[in-house]
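In the part that follows, the structures are each spelled out as C-alpha cells.
After this come two complexes, each holding chain A, first together with chain B and then together with chain C.
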Partner chain A sequence: MPAAKHRQQQPLPSLRALAWRRRAAKLDYWLWPWLLPLIILGLWWLGGRQQWLGSQVLPSPGEVLDSLTELLASGELQRDVLISLERVLEGFLLGSALGLALGAAMGLSERASDYLYPLVRLIAYVPLLGWLPLLMLAFGIGETLKAVLVAQAALLPVALNTYNGIRAVPPHYVEVGRIYGFSRRQALWRIILPAAFPMVWSSIRYGLTKSWLALVVVELLASSEGLGFLMVDSRQLYRLDAMLVAVVSIGVVGFVLDQVLAMIEKRILRWRRAGFAS
Partner chain B sequence: MSVISLRKLRRGTTIPALILLAWWAVYAFGITDSKLFVPPGQVLTAAATLSEAGELWPAVGQSLLRAMGGFILGAGIGLIMGVLLGMSSRTERFFSLTLHSVKQVSLFAWLPLISVWFGYEDGSKVVFIALAAFFPVVLNTLEGVGNVPRDWVDVARVSHFTPWQMFARLVLPAALPSIFNGIYLSLVFSWLATLGAEYLLGSGIGLGTLLFESRAEFKMDVVLVGLVLTGFIGFALDIIAKATERRLLRWRENTVGA
Partner chain C sequence: MAHAAALEIRHLNKQYIVDNQPMPVLENIDLSINPGEFISVVGSSGCGKSTLLRLIIGLEKEYQGEIRVDGQPIVGTSLERGIVFQEHRLFPWLTVEQNIAVSLLNANQSSKSKHDAVHAHIEMVGLKGFENAWPGQLSGGMSQRVAIARALVSRPEILLLDEPFGALDALTRSHLQRELQTILRQEGITAIMVTHDVEEAVYLGDRIVVMEPRPGRIKRVVDVPLARPRDRGSYAFAAIKADVMADFSEVIAPPEPAPPPTHGLSPSWRFSW
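Right, the complex of A and B next:
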C-alpha cells in the first residue's frame, strides 16, 4: 500500500516529540497576544531610560509605578476609587431600575408604549452630554447632578432594550402558555421575562458601561473628589504619572464592574439551563 | 392614515404637549421667579438672536466639521484594521489583548492625556473624536468579517480569488450589516465625543463651547437652544445613517427575495 510505504520512508516523530511540538504550539498561541503589549512596554521603558521624551510628555514606567505606590500609601487612590464606585453604583441602580420598569411597562402594555415610547425616543436623541449643561443649571454641581446624569445614562438604553426585548418574545411562546392555562402573572414570570432576559441583561451591562462613562465625564468637569477629579487635578499639576495611574484605574474599575455583571449573568443562565435539563 | 396610527399619534404627542403646556402655565401664572426659569417664547427669541448675531450657525458648523473629521479618521482606521484583523486570525490575536485593554478605559478618561500631548486646539479634539469613532467600527467589523461562513471562503479559494477579490466580493458584502452597525454607533459616539471635547478643552468656537459658556453665565435660554440643537443633530445623524444603510443593503433583499 502506498500509504504504508510512505510511512516507512518517513519515520513517525516520537510521541514525546509530538507532545513537545503541541506544547510549543500552545505556548505560542498563549504568548502571541502578549507580544505587542510587551513591545510597547519595552519601548516605553527604553524611551524613559534614554530620555526620548521628557517626563512632562511621557513619564517612564518606573515613575508611574512610584506614583501608584505613593497614591496607594497615602490612601488617596483607594478613597477616589471608593467615591467613584459609590457614585456610579448609586446612579446606575436608580437608573437601571427605572429603566427596567419603564421598558417593561412599554413592552407589556400597548397603551403605555403609545404614550411613552415617542417621548423616550425624543429624549434619547439628545446625547447624554447635551443634557449636562441643563442638569448643571438645574441641580448645581453637587452629588445630585452626578446621580441624575449617571442614572440617565443607564435609564435610556435599559428602557429601550427592555422594551425591544419583551416585544421580541415570539408570540407562540405566550400562546403555548395560554393553552396550558397560565395566568397573566405566570405568563409574565415564566415565559416573557425568561425569554427576554438575555437582551435585557445585555442592555443592563451596556447601561453600567455608560453610567461609568457618564460619571468619569462629570467628575472631569465638576468634582472635587473621585477618579475623574484625580485626573483633572494631576493635569493641572502636570503630573502625567498620576494621570496615567488614574487612566489605568478607570480602566480596571470599568472592567471589574462589567465582569461582575458577566458573572451574575452566567450564574442566572446556568440556573435556567439546569431548570430545563431536569 | 388609519385609525390606529392616528390614535398612536394622539397618544404619542400627549405627554410632550402636556409638558409644554405646564411650562407655559408656569410662565403665564408667574409661579416661579427663579432667574433660571425662561418662558418658552424666550428660547425661540434666543435662537433668533444668536443666529442673527452669527454666533449659532458657525458654532454648529465647526462642531459638525470636527465631528466629521474625527469620525472619518477613526472609522476609516477602524474599518481597515477590522478587515485586516478579521481576515487573519493570527494578526487578530496579536492585537486582541492590546485592543481590549485599551477599550476598557472609559472614553473620556483619555481626554486630559490627549490634551497634554496635543494641546487644546482642534488637533486634540479630532484625535479624541477619532478614538471615540474607532472602537465601535473596529469591533463590529471584526465581528462581521469573523462571521463570514467558512464555506464561502473555501469556494472563493477554490475559485482562485485574489486577496482584493476576496475582500471586495466576499468579505465586504458579507460583513456589511455588522459594519454598518459599527458605523452607526461610531457616528453617535463621534457626536457625543465632540460635545465632551468642546466642554473639556473649551477653546475655539463650537456648539459645545457655546453651551458650556452659557451655562457658566446662567443663560438658560441658550442652554435650551443648544439642547434642542444637539438632539436635532443626533436625530439627523440617525436618519442619514439608516437611509444610507437601506440604500447600500438593498441588493441583499433582492438576492434573498429572488
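Right, the complex of A and C next:
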C-alpha cells in the first residue's frame, strides 16, 4: 500500500516542525517582553562598570540592590509603601465610588446629564496638577489634600466611562426586560449594570492607576512620608541609589495594583472569554 | 394552563420618523385572529413584519388604530404575550439556563417549579448538557433555540415568532417545527410567526398573511385547510405553496434573514418607560 507508506513518511518531520514552531512561539511569548528591559539593565550595568556617568549621577545596579536591602532591613521601605498604599486606596475608593454614582446618575437620568455632563467634560480637560495650587489653599498640605487629589484622579475617568457605558447598553437588551415585566430596579441590576460593566470596570482599573500616579506626585510636592517622599528625600540627600529603589517600587506597586483588578475582572467577566478559550 | 387569546387588529397604521419626515411602515392593517390559531406572515424584506410584531408585543407606543387581546386594548408589554426576536437577544453575561429563567423572574411560581420548567424546556429544544454554557459559546442556531425556550417557558397566551428558524439547519428546523406545533396545541397558544420560508408558512399556518411593501400592507390572506400533521409531499400542500410563492415572486425576497434593523441607533434612546 503505497499510500500508507507515503503517509508514514510524511507526518514525522512536519509534526516535529510543528512542535518546534510551537516551542518557538512559546519562547517568543516569554522572551520578547523581557528582551528590552534586559538590554537596558545590561547597559546600565555596563555603564556603571565603565563609569560612563559616574555613580553620583547613575548608581550601578549593584548599589541600588544594596540600598534596597538596606531600606528593607530598616523597614523604611515597607513603611513608605504601606503609607502610600493606604492613602491611594482611601482616595481611590472615595473617588471611584463618587465617580460611579455621578456616572450612573448622568447615564440614567436625562436631567442629571443635562446639568452635569458639560461641567464634568470641562473639568476633565484640566490637568490634575492644575488643581493643586487651588486645593492647597483650600485644604493645606495635609492628608486631606492628598485624599482629594487622589480621589479626583479616579473620579473623572470612572464617571465619564460609567456614563458612556450605560448609554451604550443596547436597547435590545432593555426591551427584553420590558417584555418580561422587569421593574426599573430589576432592569438596572440585571441588564444595565452587567451590560455596562466591562466598560465601567476598565475605567476603574484606569482610575486606580491614575490615582496611584497622582498620589506619587502629591507626595513629591507635599509630604513627609510615602514612596513619593522617599524619592525626593533621597534625591535631596544625593542618595540616587535609594531614589531609584523608590522609582522601581512605585512602578512595581502600580503594576501589582492593576494586576489585582485584572484578576478580579477575569473572574467576573468569564462569559467574555468563554467564546474563545476552552 | 394559559388559555389561548383572541387578537383583533383594526385600522392599524404606523409611521417612523426618519429625517423629520414621517415614513409610513404599516398601512391599514386589519386582522382578526381566533384563539389557538396559528398565523404565518410572509412578505419581502422591509415590509414591516417585525414592526407589526413589535406593535403587538407592546414595545411601540406610537401608532394609530386598535390592537385588542380578548377585547382589551393592549397597554405596554405583558407576560401573557411572548416573543422570539429575529436576533436571539440572549444576555451574554448569563448562562443558557439563566437566560431562559429570565422570563420567569416575575412569574408567580415556586422556584422549584421554575427550575423544572427551565430544564424541561432546555431538553425540549435539544440543548441538554448546555445548561451552563455562555451564549458566546453557542452557534447561531443553538442561540435561537435558547431564545425559543425562553419565550415558551413562561407559557404565554400569544406567542410571536420573528423568523425563529431562519438560522437553523433543515433537520433541526423540521424537528422544532413539529415540536412547536405540538406545544402550541397542548398549551393552547395563539401564534403569529413571521417567516421567509413559504413551505414553513404552509406547514404551520392555519392562515397565511401575505404582506406587500412600501408601505407595509396585507395583500391577501390564504387559508390552509389541511389536516395536521401535514404532509409536505401532498398535492394540496404543494398547490397552496405554489399559490403563495406566486405572490411572493414579484418581489424577490432574500433567502436569509436580513441583519437586525438598527433600532439601536435611534438617537434619543432613554432608559425609562
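Please note the rule applied: the second predicted complex is superposed on the first by the 234 of 278 C-alpha atoms of A that agree within 3 Å, B and C clash if a C-alpha of one lies under 4 Å from a C-alpha of the other, contacts with A are read in each partner's own complex, and residues count from 1 in each chain.
The rule is simple: contacts are C-beta pairs under 8 Å (C-beta built on N, C-alpha and C of every residue); 3 or more make two chains touch, one makes a residue touch a chain.
The shown structure was predicted, so the numbers you read here are calculated from the model rather than taken from an experiment.
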* For the overlay on chain A, clash or fit between chain B and chain C? -> fit
* Asked: Given the superposition on chain A, which partner contacts more residues in chain A: chain B or chain C?
  -> B
* Asked: Touch check for A:128: first (chain B), second (chain C), both, or neither?
  -> first
* Asked: Is A:148 in contact with chain B, with chain C, with both, or with neither (first, second, both, neither)?
  -> neither
* Asked: Is A:186 contacted by the first partner chain B, the second partner chain C, both or neither?
  -> second
* Asked: Centred on chain A, what angle do chain B and chain C make, from Cα centres, as a multiple of 10°?
  -> 90
* Asked: Taking the superposition as given, does A:102 touch the first partner, chain B, the second, chain C, both, or neither?
  -> neither
* Does the superposition put A:137 against chain B (first), chain C (second), both, or neither? -> first
* Structure fact -> For chain B relative to chain C post-fit, closest CA-CA distance rounded to the angstrom comes to 11
* Common ground on chain A, meaning residues reached by chain C in one complex and by chain B in the other -> none
* Complex contacts: residues of chain C adjacent to chain A -> 57, 59, 76-79, 81-83, 85, 87, 89, 91-94, 102-103, 105-106, 133-137, 154, 260, 263-264, 266, 269-271, 273
* **In the complex, chain A residues that touch chain B** => 29, 32-37, 40, 57, 111, 114-119, 122, 125-134, 136-138, 209, 212-213, 216-217, 220-221, 227-228, 231-232, 235, 238, 240, 243-244, 246-248, 250-252, 254-255
* How about chain B: which of its residues touch chain A in the complex? -> 7-8, 11-16, 36, 90, 93-98, 101, 104-113, 115-117, 188, 191-192, 195-196, 199-200, 208, 211-212, 214-215, 218, 220, 223-224, 226-228, 230-232, 234-235, 238
* Hey, which residues of chain A end up touching chain C in the complex? -> 107-108, 110, 166, 169-176, 178-183, 186-187, 190-192, 194-195, 197, 270-272, 274-276
